[in-house]
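These are the structures, in structure tokens.
Two complexes are shown next, each including subunit A; its partner changes from subunit B in the first to subunit C in the second.
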Partner chain A sequence: MRARLISTVAAVALIFAAALLHARAGGGTVSGKTTYEGTPAKPKPIDMSKEPSCQKQHVTPVTTETVVTGPNNSLANVVVYISAGAPDDAAPGQAATFDQKGCQYIPHVLAFQVNQQLKVVNDDQTSHNIHPLAKINREWNKSQPPGTPPIIDKYDKPEFIPVKCNVHPWMHGTFAVLKNSHYSVSAQDGGFSLPNLPAGKYTVTAWHESYGEQTQEVTISGSETKTVNFVFKAKPY
Partner chain B sequence: MSAHKIAKSLLLATMVLLIIPTLSVAQQPESHMGKLTGHADSGKQLYYRFCWGCHGFRGDGSGENWLPTGSYPTMPYLNIQPRNFDAAVFKCRSTPTGTLPTDEDLYNSVGRGFVMTNMPSWLSLTSQQRADLVAFIKSFSRRFKSEKPGDPIHVPAETKLTVESIKHGQELFQKLECWKCHGPEGRGDGPSASTLTDSNDQPIRPYNFAVGSRFKCGVTNQDLYKIFMTGLDGTPMPSFADVIKPEDAWDLVHFLRTLQITNKTPELALWESTKEGAEQIASRKPYGTPTGSGVKQ
Partner chain C sequence: MGKLFGVVVALIAIVSAYPIVAHWYVQPIDISTHGHAIDEQLADTMAEAGLSFLAAQLLLGFFVWRFSQRKPGAKVWNIPGGATLMVAAAFILVGTEILALGVLGQKAWANVYFTPPKPDAMQIQAQAGQFAFYFRYPGVDGKFGPLHPDKIDEGNSNFFGLDPANDVESRDDIVSAELDVPVNHEIQLLMHAKDVGHSFYVRELRIQQDFVPGLDLAVHFTPTQTGKYEIVCTQLCGLGHYNMKAYLNVLSQEDFEKWMKQKISEQ
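Showing the complex of A and B:
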């Protein structure tokens, strides 16, 4: 009886250790491309003449970033993340930096984790106000004149938060606050990759600020790489 | 078990059952302002008599005056959407941006009303009734159950009013780019004014200093100090608490007072007594220019 108990405990411990080692060894990957079909709205040029210090930073006029596309119908700035199946992760030590440069947000879409430090920097010679329009988290609005220290904050609940500057109405961005570390923001070529996924069933969600949200189920076993593509319906307006 | 024992345990059970509801009543939301304690159950009666026509049945700011029934497309009777208590985002606070207001902040707002909106001053109600309303208003949002109000921003003693402080305040008005929205003369007609929207995407006008004497959140210099230090949450007006030192903040207050050309403040009188100030005031647009002129909405 006792021997049986010990052996059961040992077996369970072994399975746990194996699972742990497996997770450490990298696990599987979900990767793919985000694309659009149809005709997306043409990016509109932004008139920065009211803010000469920003206007002179751009040789060619800057265009709106609500839809950013690349060759072969690729769609950039899509947040691809594991919305179900993965446990919540502790926040990483490094801060997520949101820069204001040339009266634009860099990056346009910033993804980071719940309770991860957010650092907002003003690299311009003009005052910005940072106004993240949170609904689930707390909404705040702070002025950041040139040369002042970064604004440090964090969010304690997952949410997609539109960010704007009320002084410069063309400035729009997004904070994507996510529960775990498995996320990726698609690049200009639409490419994304979610590595280090332990074996299991996952829901992969892709979010775009103009075209909404899509989900796909994916099962990862071992260290395989699964390809998941997301195609968004583009709207011409 | 004897009949006596059964009766005893029954009595005990009845007592327990009687105590439970009393306990839950004791946990009803309250508001506390100094010696005043407001009770939500009394506030509820008042709310559904005086407030819900604008603020709505559920306190979400969509009362009949905002969304009148029977008209399509809906044409609100009000030009500014009433506060949504469910979101618990409030303009007039003593607490930092992004935090809940204190009970006293809400109590003061109910009594003061909001200048240039349809929210009147409710001084017609007793102080106890206003306190009761605050307790009930808080029950609309879960935030008041899970979060505590922020620590009020410390307002240090006002610095001495001098010509130098007004001049320095004017520099700050330029440097912090207050004029981008409020306009060079504080008339609410700056270059960004026409683009402004509140957090519900409703158009909103920056404050016009040239009309009247009342601000959104009070009339005193302390109130004005608090407005730009806390920011008016839910509007484009940000908090400057991290970027203005307290002594500079008072200089800015002194300058802002000189923009109130229809309100004969000590600041305006002192500024007008100097050559530079008199010239500046004389060169301003004539009194009577429409509020926020040039603002298309």
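Showing the complex of A and C:
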């Protein structure tokens, strides 16, 4: 009797979970492009001469990544995410990897979820000192000599955290710690997509490290794809 | 046995003095106009200290040799005046020695620190921060824009805290991670510490000067040989101190102008 009850509950739970997954997979999508208007500042070349092991990894000189643009005024590295309307999600099992290679952060902007494992890797022949300047979360500052295992951590509150290297002043990146799984970082062409959104009313926020934040409201019904575009005002300096 | 010890003391002194007298050590090349005065001062100091060292050690060896195997009950002769006289004598001797070195060295020192740079000296601002040096040239207008520490944005290569949006003078300022200078031209470095104490040291220039937060210090020098030389921080400044370095590139006038043009185009 007891065994039958357990198996019935398990079966119902499975069907429910499958239905939920199906609903998610078949949900609506918000997609669009992030662009800028005006004249952005010229990217500045980064001089890595003090770190020859990094300098020799770059055939063409590296430039600052605070503002990365593409053709047709597209703006990359914009974090587009659902800031209201979606429930908080549990963190996925796989880690978000932040690589230090050629004295640069790859990716420049890393988006991941609250409580998701963060893995910081040093692929360089030199020591790095990674220092995420968290204000809401706990701030830390760790040295990572070459060949040492990855630094594993996680953040328990949503926050945009600037990251710097205490040894190489030009190294700079961002951790975007988000509370649900509906986020995307715009590519070189400015494109982003937030799939699997159940029907409902959402606030979509686009964040750029230099040009600030914008929000738009969007309502999804069924499995439609809504286009939302964000235009940022570029700063010449 | 006592006599043998006296001989060993004397031998140790002679053996350790030999490499210096025979010039076994290689002096790094000197690429500045004032460097020879520093080198002479170093040589004088070495000669003075070396001779004193040898004299003291040989005398010690002699005393060990002479008085090591005295019979018990032998008469001991003390210098009259006791310890007080000895301490006073040591003070006078060492004081005279230090004073003499100071008098001899003041010329070398004054050459660098008490003589103002020529009016046509090129001004370059040097900023030391954990853990890198950056250098700022005033650009075409010849003026440095003001600094705004709140505008420092290292990820955007704004290491000095310039505000080109509001300060016209900052717009053409050139910031470089290497110190490029023309040969045979006097350079005045304006030293600025961003955070803690650091030091600017180029051994070939015979210059070592601290950066002190809150103090505007300056050094001037004239490089006389083209080449690439290492600038290192010689004031323990934190975890990354070992890695705090930059390069001094002494270029021909022509190459310097080419470099400057390239930098201007990058602005």
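Please note the rule applied: the second predicted complex is superposed on the first by the 213 of 237 C-alpha atoms of A that agree within 3 Å, B and C clash if a C-alpha of one lies under 4 Å from a C-alpha of the other, contacts with A are read in each partner's own complex, and residues count from 1 in each chain.
Just so it is clear, a residue touches a chain if its C-beta (ideal position, glycine included) is under 8 Å from a C-beta of that chain, and two chains touch if they have at least 3 such contacts.
Bear in mind the structure is a predicted one, so any value in this text is a computation, not a measurement.
*Asks:* Please tell me, clash or fit, for subunit B and subunit C sharing subunit A in the overlay.
*Replies:* Overlaying the two complexes on subunit A (C-alpha atoms) leaves subunit C and subunit B clashing.
*Asks:* Contacts for A:Ile151 in the overlay, against subunit B (first) and subunit C (second): which applies, first, second, both or neither?
*Replies:* first
*Asks:* So in the superposed three-chain picture, is A:Thr66 touching just subunit B, just subunit C, both, or none of them (first/second/both/neither)?
*Replies:* A:Thr66 contacts subunit C only, not subunit B.
*Asks:* If you stack the two complexes on chain A, which partner ends up touching A:Lys142: first (subunit B), second (subunit C), both, or neither?
*Replies:* In the superposed model, A:Lys142 contacts subunit B only, not subunit C.
*Asks:* Under the stated touch criterion, which partner chain does A:Val167 make contact with: subunit B (first), subunit C (second), both, or neither?
*Replies:* both
*Asks:* Give the label of whichever partner, subunit B or subunit C, reaches more residues of subunit A.
*Replies:* For subunit A, the partner with the higher number of touched residues is C.
*Asks:* Tell me the contact category for A:Ser210 with respect to subunit B and subunit C: first, second, both or neither.
*Replies:* second
*Asks:* A:Pro45 in the overlay: touching subunit B, subunit C, both, or neither? Say first, second, both or neither.
*Replies:* The answer is second: A:Pro45 touches subunit C but not subunit B.
*Asks:* Looking at the overlay, does A:Leu133 come into contact with subunit B only (first), subunit C only (second), both, or neither?
*Replies:* Only subunit B; A:Leu133 stays clear of subunit C.
*Asks:* Flag for me the stretch of subunit C that overlaps subunit B after superposition; candidates: 130-138, 148-156 or 256-264.
*Replies:* 130-138
*Asks:* Residue overlap on subunit A between the subunit B contact set and the subunit C contact set?
*Replies:* 50, 126-127, 129, 143, 166-169
*Asks:* Could you please specify the touching residues of subunit A with respect to subunit C in the complex?
*Replies:* Touch list, subunit A to subunit C: 42, 44-51, 64-66, 126-127, 129, 143, 162, 164, 166-173, 210, 235-237.
*Asks:* Write out the stretch or stretches of subunit A touching subunit B in their complex.
*Replies:* 50, 126-127, 129-131, 133, 135, 138-145, 148-149, 151, 166-169
*Asks:* In their complex, what parts of subunit C are in touch with subunit A?
*Replies:* Those residues of subunit C that touch subunit A are 129-133, 153-157, 159, 163-165, 176-178, 238-240, 243-247, 266-267.
*Asks:* Looking at the complex, which residues from subunit B come into contact with subunit A?
*Replies:* Its residues touching subunit A are 87, 89, 97-99, 175-177, 180-181, 191-192, 195-196, 199, 231, 233-243.
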